[in-house]
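In the part that follows, the structures are each spelled out as structure tokens.
Two complexes come next, and they have one chain in common, chain A, joined by chain B in the first and chain C in the second.
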Partner chain A sequence: MSSTAVSAAAGLRLPRWAVPAGAAVVIAAAYVVFRGTATLPHDDEAPQFLAVTELREWIDDHRNDNPLFLYFLNYIRLFVGALYTFFQGVLHALGWPGITGVMGALAWLAGGRRIALVAVAGVSTFGVLGLWESSVDTLALVGVAVLLSLAIGIPVGVWAGLSARVRRAVTPVLDVMQIMPTFAYLAPLALFFHIGAPAGAIATMIYAIPPAIRITALAVSEVSPTAVEASVSLGATRRQTLVKVYLPLARSTMALAVNQTIMMALSMVVIANLISAPGLGGDIIRGLSRAQVGIMLPAGVAVVVMAVVLDRMTMALVDRDPHARLRRLDLVAAGVPAAAGVALIPVLPQVWPESLTIDMVAEVNAAVAWAETNWYAVTTFVKDATSYALLNPLESLLTSAPWWLVALTVLLVAWRVSGLRRALTALACLLAIALLGVWEHTMQTMTTVAVAVLVALVIGLALGVAAARSPRFSAVQRPLLDAAQTMPAFVYLLPALALFGTTRFTAIFASVVYAVPPVVRLVEDGIRAVPAPVVEAAVSAGSTPGQLLWKVQLPMARPAILLAANQGIVMTLAMVVIGGLVGAGALGYDVVSGFSQRTDFGMGFVAGVATVLLGVMLDRITQGADRRPSPRKRKVT
Partner chain B sequence: MGDSPDSAAITVEGLWKIFGPRAHEVLDGDDRHLDPVALREKTGCTAAVRDVSFAVRPGEVFVVMGLSGSGKSTLVRCLTRLVEPSAGTITIGGEDVRAASPARLREIRRHRVSMVFQHFGLLPHRRVIDNVAYGLEIQGAARAERHARAAEILSLVGLDGHADAYPDQLSGGMQQRVGLARALAVDPQVMLLDEPFSALDPLIRRDMQAEVVRLHREVGKTMVFITHDLSEALKLGERIAIMRAGAIVQVGTAEELVGAPADDYVADFVRDVPRANVLTLRWICRDPEPGEPLDGPELPAGTRVADAVGVASASSRPIKVVAGGELAGVVDRVDLLAFLAGQDTPARAKA
Partner chain C sequence: MNIRLLAGLVALGLAVAGCGGATVDGTAGSSAPAGGSSASAGSAGTVKIAINPWVGYEASANVVAYLLENELGYDVELPEIKEQLAWEGFETGDVDVIIENWGHPDLKKQFIEDKKVAVEAGSTGNKGVIGWYIPKWMADEYPGITDYRNLNKYAELFRTSESGDQGQLLFGDPSYVSNEDALIRNLKLDYKVVVGGSEAALIKSAQQAQEQRQPLLFYFWDPHWLFSKTELVRVNLPPYTEGCDADPKKVACDYPEMDLDKIVSKRFADTGGKAYELVKNFSWTNEHQNAVADDMTNGGMTGEEAAKKWVEANPTVWQAWIPK
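Presenting the complex of A and B:
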């Protein structure tokens, strides 16, 4: 009885896909009819751009007489600048023997002999590569940025961990800070803090503070509530409980916060070179903009080495046996290299001796040239196939469609996926982009992002599923993913540039390589998180491995997969914009030229803002997917 | 019970705890008399403790027993305001806890009342000795002094030689001994034990129950013991309060609960208790019938029925039950058999 009633009702209702399909048909028809009308072509001299350029002129003229600058912003700049000068002074005074000794000692204290060796070898690498001076500058800049980030991030994080209300207030701010592509806030910072080391350090802080706060808050909120209750029940004051219970119990997770903050800072200080921050970034940016892999490779290697050294040192703190105490032997052992290094300062030259460096610019450039000529057929085929099959059609579709049709489509898609509120936010972002006068470039960037995300997701899903199903594959893949996630973002541009030269495709390749590791990891973890009893039940019912994957594991891992898509989009966008340095064009190029040419500052600034808006829009479109109940569930009620 | 509230270690009167956004509206209105499900549906609030009153005598082991969700853990947390009560009065050692300032409340927690938790709540980054000394440390005691005291308490709970271990190196039972030691170290007047042994294996649990009995005999603290295990309650409790849906259904000795359950809920609870091991001769003796010989063996009225069986089998005369030097009644073999049969009937029918 009841089954006939249900099927009769279902027969009367439209199938589930009818509404979206109908909407798609209507939009396609509208495109055919209105194609080429109401497009918003790019204009380098748009009034919005000129206005910002003029604003910058005005600020530069009044930097020293406007009260906001005079009494507030300039002081921040001076303070950060002084701190940087101090760090740099200390490091240069230590010279290479001192730095090597002290780093070795710190590494020994953090993780023992092996880590100390890694640190000493790493520091020596800077010298061997002939990049001692700029490595020290980078180290000083990272030091300042990390110190200030932790000084702000840890107290705020502790507070957020203790109070749910603070956490709710802080989270959206952090969300925005993390969605913002790194490129985007450089221009506004240059506006307020001028250019140079202080502005670079502040830009780095914006990038590095969110993980410091988030992880600290997580660490504190995960402290066992019984331990806290026990402390309170014995009459501990709030401060006593904080100092004697919360902080010690959160310590090892908080070391992870320090680790993440350092890693983020390291990848940002390089990009901060665009606003004239000192250090290794200079060589990298120069190499990127001239498409000379030989110039940027040593600097890239130095940054990666620095990342590995700092990562190993801080991870050793995270993994340390919680009950271990510092033994006197370790203190002595660590003291030896430190003392030796410091003692050698007057004896050895301050700067790494020239005779011990290896110059490999010419060789690398030759190797790259060889690869370009010999692999030309393959790389060109990949590049052209992607361009003609995906990029060009999508780009011409987006740029020739009327703006209102694109806006309508975004609204409908976001509404369907993430609900009305997020859809309206996405729409507002898109309309703001139109008003800013960078519509065409935004559409081009969106095309690149879409293609890159698609490729990254396909690869990431495949690798993630493979890793989840084969422990052996996972064991091989894990260290590679770990290494990939330690590396600063722009490093991925290096092989891309070597293979594909300066084209749009270079950015796509780099962003795919950049975004795949987290996608793989999220997918794998999502599938592994499916409860064992459920898998067991499915297997005992006779499912084939394929059925298990499609009917149990993937559906149950849906939230993780959607989160992976969301992450992939955010990361890809950041990378595509950086790709502006190597020929990706559109918004990224606008941002870069805004830094290099004074007259283009307005356009670069606006493009940066548009990037943020684009990021928020894409995030809002995809973000809700994992939080909304699945459509079928809603039908039942 | 004959005690005036002044001489009690803890007095609780009209205690309410309502969780939810509109707790005080509920408390002031008539909704508070609704049953829990209806209350939640109507107001979104949960009444965890409903109008609870009781008094604990000094040196007594007072057991609060109920199923999970009956509000017993909330109740015990209300006593030192780890959970802030919604209404009612709490007096500990003559002091009004609800009126205490934060500083005064800390003093009460530091010196008068200490607590033992189901999941131990030990600090994993501290050695056992520093865990035990934690209460003294936050009072500001010097290191040598608090370590001396902690070492003393550790040997009292049988943890000699484990002072330098870390909690995660100990078994569950030993961890809870550390929890007990921590609570004892501050020399409180009252100890609150919130299901301290529920997370332990049955065998360890039995050892720990014996340990509590021993400690109670040696240090004589007033204890409020929370449990969901009836046999634990009967074993440890001088008096037992049975909680259901936030309210206390009955307070009494084990004998009173088993012999005269206040309602079907309590009766259902105690149904499987071996009555002969709990009830005393007082419950089954009767007036001697005319002509019945009164020269049989004498037993005090507080003798448990099970213990009288041996005496009855040794003598064919009815047992004289005496209370306060006077004859309270008699019990003969038939009475005993009838009582035992009443409880064993189903088993015998099966056999």
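Presenting the complex of A and C:
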């Protein structure tokens, strides 16, 4: 549809920018005329919120006599709870010698000596940091969540890999699940499964399941049809084909599914502490609520270490030659630490000895205090400048504009960028947000996201271009990007909090740091993918490096850059919402407050739903960009 | 192997066999209080005291925890659970004790009277009062600023980048007891609540405000060690009268002075034995709490160290709490 509009304009020989520019002028004029009318101010006592709060009260009162709970949901809770207690019991019974030995052995089996050393060192780190018990609880929670995710995700994934129809049915659901911010999962789960470890494990499981399904499906569907044909023609049953052909051939890709599931689970377990799940999340939230980086930092480090250890172990599985068998030597070598660890259980204390821990709370706090006093002028300036120059004007623009004007703008922009169908989805999401009664806060969150995305894109483009042009810079940057992408999201809040206290800017800073790595990567790959003959032609025609970049490489890399923008927006939104914990306000704060004050539960729940709608909306606005041909190309054809 | 695990499995088995449906009451699943982790062989049991996010609470919790561990031989867990969630924890079994409860008549009705999962365990001896405060230099400089009727006149002073063109009222942790939004609305104040997110943010801002003579209006409470270090003045809101805060939407009066009390789960009251007796007997003064809280915040001590120091210095006080 939009292409007809554009070609009609071209037929009238108007410049290409005339239609969008005209639309912009009309919208601006409408804003000036209608400013302050048809706004939807926030009301803490909106009937939508109260209805949900009442529903929650009702559920709480009938949790133990309603059949749905009595015979179904409570059994799930009980089952997951028992599973968690079992994991936790086994891990605590192993104690630190046992866990260290067994983890070392598993790592050895997965990837040999080096990985085993990483695992042993990593597990010891938990003890050294003085976080042994919380780490074990987190490990148990991750274990339960990952186990359940895989138990459900792999069969569904195999099914989706074998049947195109199932795949079509599952994909949109997974799409939405993957752009849902972590926060949005918590309130509904608290509603159905109450609070505590079981609810936390279920939330983590649901969050971690999409990659398990998606990557398994991919792995199975990529199995060579020749191999399947051969096996079927030799008379294998469907079961035999599945177990003997599909699964072994898909194994290494499926290991990647395990890897991604674990990584997702690790970024969720901490946030699950908001519904009272145990583990390292408690230490991090404690640090947040005391504004003590010294408490948070060790816990953050422990989560990162756990992520690195589990990542290396599972990635070793991915990289392993699928035909290699375990050598007896490896089995023996792996058996030694396991046996040693288990044998030492009765001898050594179960809990890491206190004399071997390093307590750095005071030192870290002192360092942060030093940075606060000495960088106060700079950080305050950056924070206030951003607030006054960007955040406050944009926020008052969005909140004072009539809702229909914002909706119209979203529709037009999405239509132009991504086509009519996606534009209508985006519009529907926005209207649903208005109906939910969280319009004003959504606009505020959108402001924060917009500013953060802007900054992230500028930095990401600069670094991406630099990396694409200098292989040496790229080689230095790659491992940093890899490391940054392994870290769970909230870890980025720590330095932000240390530098900027609790304000909206803290969330912006954290989300920029969080979103920059994928943006850099996409931009770099996009520019590198520009065909060499094109570059050569431009250079031989006498382009300066600047012209080459602006006139050739960036325009040709447009789809990749737009994809980067899309990724950046989705990641930024997720982070800005978590930023509700550190002063970002608006929707994220509503969610936090919904867990803290019972009377605000409804508002938090609705805000969680609104973040999902906002995510879908922003995604749809930008998503089509990479698939549509650029206007320039269209003109040529 | 593990008693809790067995208890969980047995309960699961019974529930399935009985076909009576499963209830959430904390006796099964992950959180039976009686067993304790396997690390605690020979312990008298495990007590879970919820930790709410302010240091005065932590001071009380740590002193009780210290005595439970060292005098009575219990294991104590101190899970980080905020005020209102902790009440829900009575139901799921995640919490046995809230050591310092600030009012919450609605929760008392719901969890004590209706659901019968919690019981009151007496006063902590602390008197608590919430209010709005400003640094003392402002009270000296701006006449009448301590009267809420003059706050609008001075609103401009309190503007920040976060509050835009309204004055800023700095609030603490999202979970704190709060009438701020209703007060601003009902007293028609030109102010915006800005959430600092933590007690630490309030303290830091208050200290900066007094030392560097910056304007600040903030939410705070007594008992607190800060009053002995930084001069603060309370803003007078319309005085509290009985029942003026009954409807949370229509509150237009100051906070009442509260008798802070202890709440325990019904199960802990029935089966907690000596641990429950100790919690019930626990009662001290605001000065005691402030001393421990000060050591924890400014003395560089962990909760355990600060508790130990207080216990060693005040044997006569706590010996009265130990059940015979």
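We adopt the following convention: the second predicted complex is superposed on the first by the 585 of 637 C-alpha atoms of A that agree within 3 Å, B and C clash if a C-alpha of one lies under 4 Å from a C-alpha of the other, contacts with A are read in each partner's own complex, and residues count from 1 in each chain.
Rule of thumb we're sticking to: a residue touches a chain if its C-beta (ideal position, glycine included) is under 8 Å from a C-beta of that chain, and two chains touch if they have at least 3 such contacts.
Not measured: the values here are computed from a predicted model.
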item	value
Partner chain(s) touched by A:Ala236 [first = chain B, second = chain C, both, neither]	first
Chain B versus chain C as contact partner of A:Arg251, first or second or both or neither	first
Which superposed partner A:Pro278 touches (first chain B, second chain C, both, neither)	second
Residues of chain A touched, compared between chain B and chain C (which is higher)	C
First, second, both or neither for A:His62, with chain B first and chain C second	neither
First (chain B), second (chain C), both or neither touched by A:Tyr75	second
Partner chain in contact with A:Arg421 - chain B first, chain C second, else both or neither	neither
Contacts of A:Ser593 with chain B and chain C, given as first, second, both or neither	second
Set intersection of chain A contacts, chain C complex versus chain B complex	none
Residues of chain C touching chain A in the complex	1-2, 4-5, 8-9, 11-12, 15, 21-25, 28-31, 37-39, 51, 53, 79-85, 88-89, 91-94, 106-107, 114-115, 161-162, 164, 173-175, 178, 181, 195-201, 204, 248-249, 300
Contact set on chain A toward chain C in their complex	44-45, 61, 63-64, 67, 69-71, 74-75, 77-79, 81-82, 84-86, 88-90, 92-93, 194-198, 273, 275-276, 278, 282-283, 285-286, 288-292, 350-351, 362, 383-384, 387-388, 392, 396, 501-504, 581-583, 585, 589, 592-593, 595-599
Chain A residues touching chain B - in the complex, by the definition given at the top	224, 226-237, 240, 244-245, 248-249, 251, 322-323
In the complex with chain A, residue positions of chain B that touch it	80, 82, 106-111, 113-115, 117-126, 134-135, 137-139, 166, 179, 182, 186, 192
